[in-house]
Amino acid sequence: MDFLPAPEWFTSEWLNTPEPLSLARLRGQVVVLHAFQMLCPACVSHALPQAQRLVVATRDAPVAVIGLHTVFEHHDAMTVAALRAFLHEYRIHFPVGVDARGTNGGDIPQTMRAYTMQGTPTTVLIDAAGYLRRQWFGAVDEFALGIAVGRLLTEQTTETPATTAAAEAAAIYSPSAGCS
Amino acid sequence: MDFLPAPEWFTSEWLNTPEPLSLARLRGQVVVLHAFQMLCPACVSHALPQAQRLVVATRDAPVAVIGLHTVFEHHDAMTVAALRAFLHEYRIHFPVGVDARGTNGGDIPQTMRAYTMQGTPTTVLIDAAGYLRRQWFGAVDEFALGIAVGRLLTEQTTETPATTAAAEAAAIYSPSAGCS
Amino acid sequence: MDFLPAPEWFTSEWLNTPEPLSLARLRGQVVVLHAFQMLCPACVSHALPQAQRLVVATRDAPVAVIGLHTVFEHHDAMTVAALRAFLHEYRIHFPVGVDARGTNGGDIPQTMRAYTMQGTPTTVLIDAAGYLRRQWFGAVDEFALGIAVGRLLTEQTTETPATTAAAEAAAIYSPSAGCS
Amino acid sequence: MDFLPAPEWFTSEWLNTPEPLSLARLRGQVVVLHAFQMLCPACVSHALPQAQRLVVATRDAPVAVIGLHTVFEHHDAMTVAALRAFLHEYRIHFPVGVDARGTNGGDIPQTMRAYTMQGTPTTVLIDAAGYLRRQWFGAVDEFALGIAVGRLLTEQTTETPATTAAAEAAAIYSPSAGCS
């Protein structure tokens, strides 16, 4: 399998982090991006608690759990001030970016559009080299996500010392990569 | 890290499988062994449903989810006939071995003792080469188990073509193995 | 509405009580009868925990929560010894009667048949005068059961001093009874 | 027991109802008032779903389930526009009043103060005559609430035809009232 680089993020603000994040800055870590809206019931009841559990489970591993507030409706209700209060009340401590408002006044924010997300919650799995590996819309099976993250972690571990420039150019970060 | 081979299983009977299983027969697959008692509330409410979800999540992967009925109390209530009815009512379809009664009339069955389990539920993770990689007593975090299984699956995938007899002898199946 | 007296119970054994119970002995209390089988998944996951919560919620009220082990299948697995171990492991402390085996060797036990139960779990609500007020098969909405119990408790409180023999003969224990 | 009349409500706005509600307008119904904040996690995960279940369970009974948005923090995030979006997304269809901002610029809204609520969620039970019968702060046991509502419903049913002005003056609406 070949994978495509994950689209860069377009954000207007970041919370819970001293400085803005970008995919490039997270290179070397498996990235799990949780796109949500603070007034999306399934995000609040399932996806965000799952993200918080993933933070705990990957505390000692090179995994970055990142939130993305992809507001595509009720813009006047889901302001940055409201998001800040929400993160505080729900004790969400991982970094959360605010997806940049759509260009031309459209409702759908830019990163959401770049990933062709269908709605919220959406969970995106990006490998340590920045390739987009999986994207789920709606509830994600906890084992499916855990196994997928575990696979990428070992990939990452195993390929690093073994890869050569040639191998890297050829088949890097695919599930069977890392050995030549 | 170095790992030890998982102790062989001592069973008196097998359900949900045409023929008895053994660790040797499962070589090449990641094995998740769920030790339980049918009258253990935490097994029934948490561990067995988790095992069933793992069966679904690993349907297309070389993972064997195996139950082990490790009766160490209420032997007259948890007979093989009762276990058979239990598996039927709870729609548990994965293979379940009956741990062999303790020698010398002891209450603790033989496999349970061989693995030094502290009680039920106990979840044991064995890699595709038969090494004992992790053992949990009590509730297991779903992400922790999923990530651990995912890691072993990639190990398995990546090391096979790369390993040589020498490497195999040296450091095989440790998390960083598979590349030389 | 008119109600019929609840059929008497036919039991072969009682657990968690110093002496056998009968409907007659419980007159004056609202009775909630939980018919279950120890190997019925919905009983174990929903109905019995609900019964335990009801015990706590009615600790100070004249409510008797009673279990009835209505074995109609897997008779060799759900013996009295197995039931005893089950009640111990699940910390079920309310009285449990063992429904008497069917006459003529039938599988369906006698009380189950007398109440025309459709299966397990079945929850039966009997008022303080011994009238059968409601019977549910399957999961019972917690509010529906709570409200029904609460209604019977006030009936019981209010009608006692007010009723005369005539009123008692006429419309006793119907929801609007107690005032004449 | 003697009970006090429930304090009147001070609201600045009503949603999900064609016209403003007041305790006086609800006389004759058992009232369950759910005080909440849209950014209070326990309200969203427990209290509001419980209120929705209560609406279903009391569909055919004279019970009014009413929400009260008692904002005492993050006022800029929990605006009426945000509340409107929240009720829409969470499919909350029962009437919700917006508690009036505190006088003198205080953070605690007026009804919240009048009931001396300790925080959110708070559940208030008011009988059909307008008396304050119970008030809970935090999670409410579903059976405890159901039984309390059931008791008030029978009180209401039984006392109406029996009461005289004298009885009404004396002991009305106490649990043992309604019969003379």
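Annotations
Letters A, B, C and D name the chains as they come in the text, with residue numbers starting at 1 for each one.
Operating definition for what follows: a residue touches a chain if its C-beta (ideal position, glycine included) is under 8 Å from a C-beta of that chain, and two chains touch if they have at least 3 such contacts.
Computed from a predicted structure; not experimentally measured.
More than half of the contact pairs of C-D, counted by residue number, reappear in one of A-D, B-C or A-B; that pair is A-B.
Counting C-beta pairs in contact across A-D and across A-B gives the higher total for A-B. Of all residue numbers used where chain B meets chain C, over half belong to both copies. The two sides are thus made of the same residues.
Spacing of chain A relative to chain C, judged by their CA centroids, is 52 angstrom. Centre to centre, using the average C-alpha position, chain A and chain D are separated by 41 Å.
If each chain is reduced to the centroid of its CA atoms, chain A and chain B end up 32 Å from each other. Taken residue by residue, chain D touches two or more other chains at no position, since every residue touches fewer.
Across the complex, chain A meets chain D through its residues 39-41, 44-45, 73-74, 76-79, 81-82, 84-86, 88-90.
Across the complex, chain B meets chain A through its residues 53-54, 56-58, 61, 141-155, 157-159, 161-162, 175-180.
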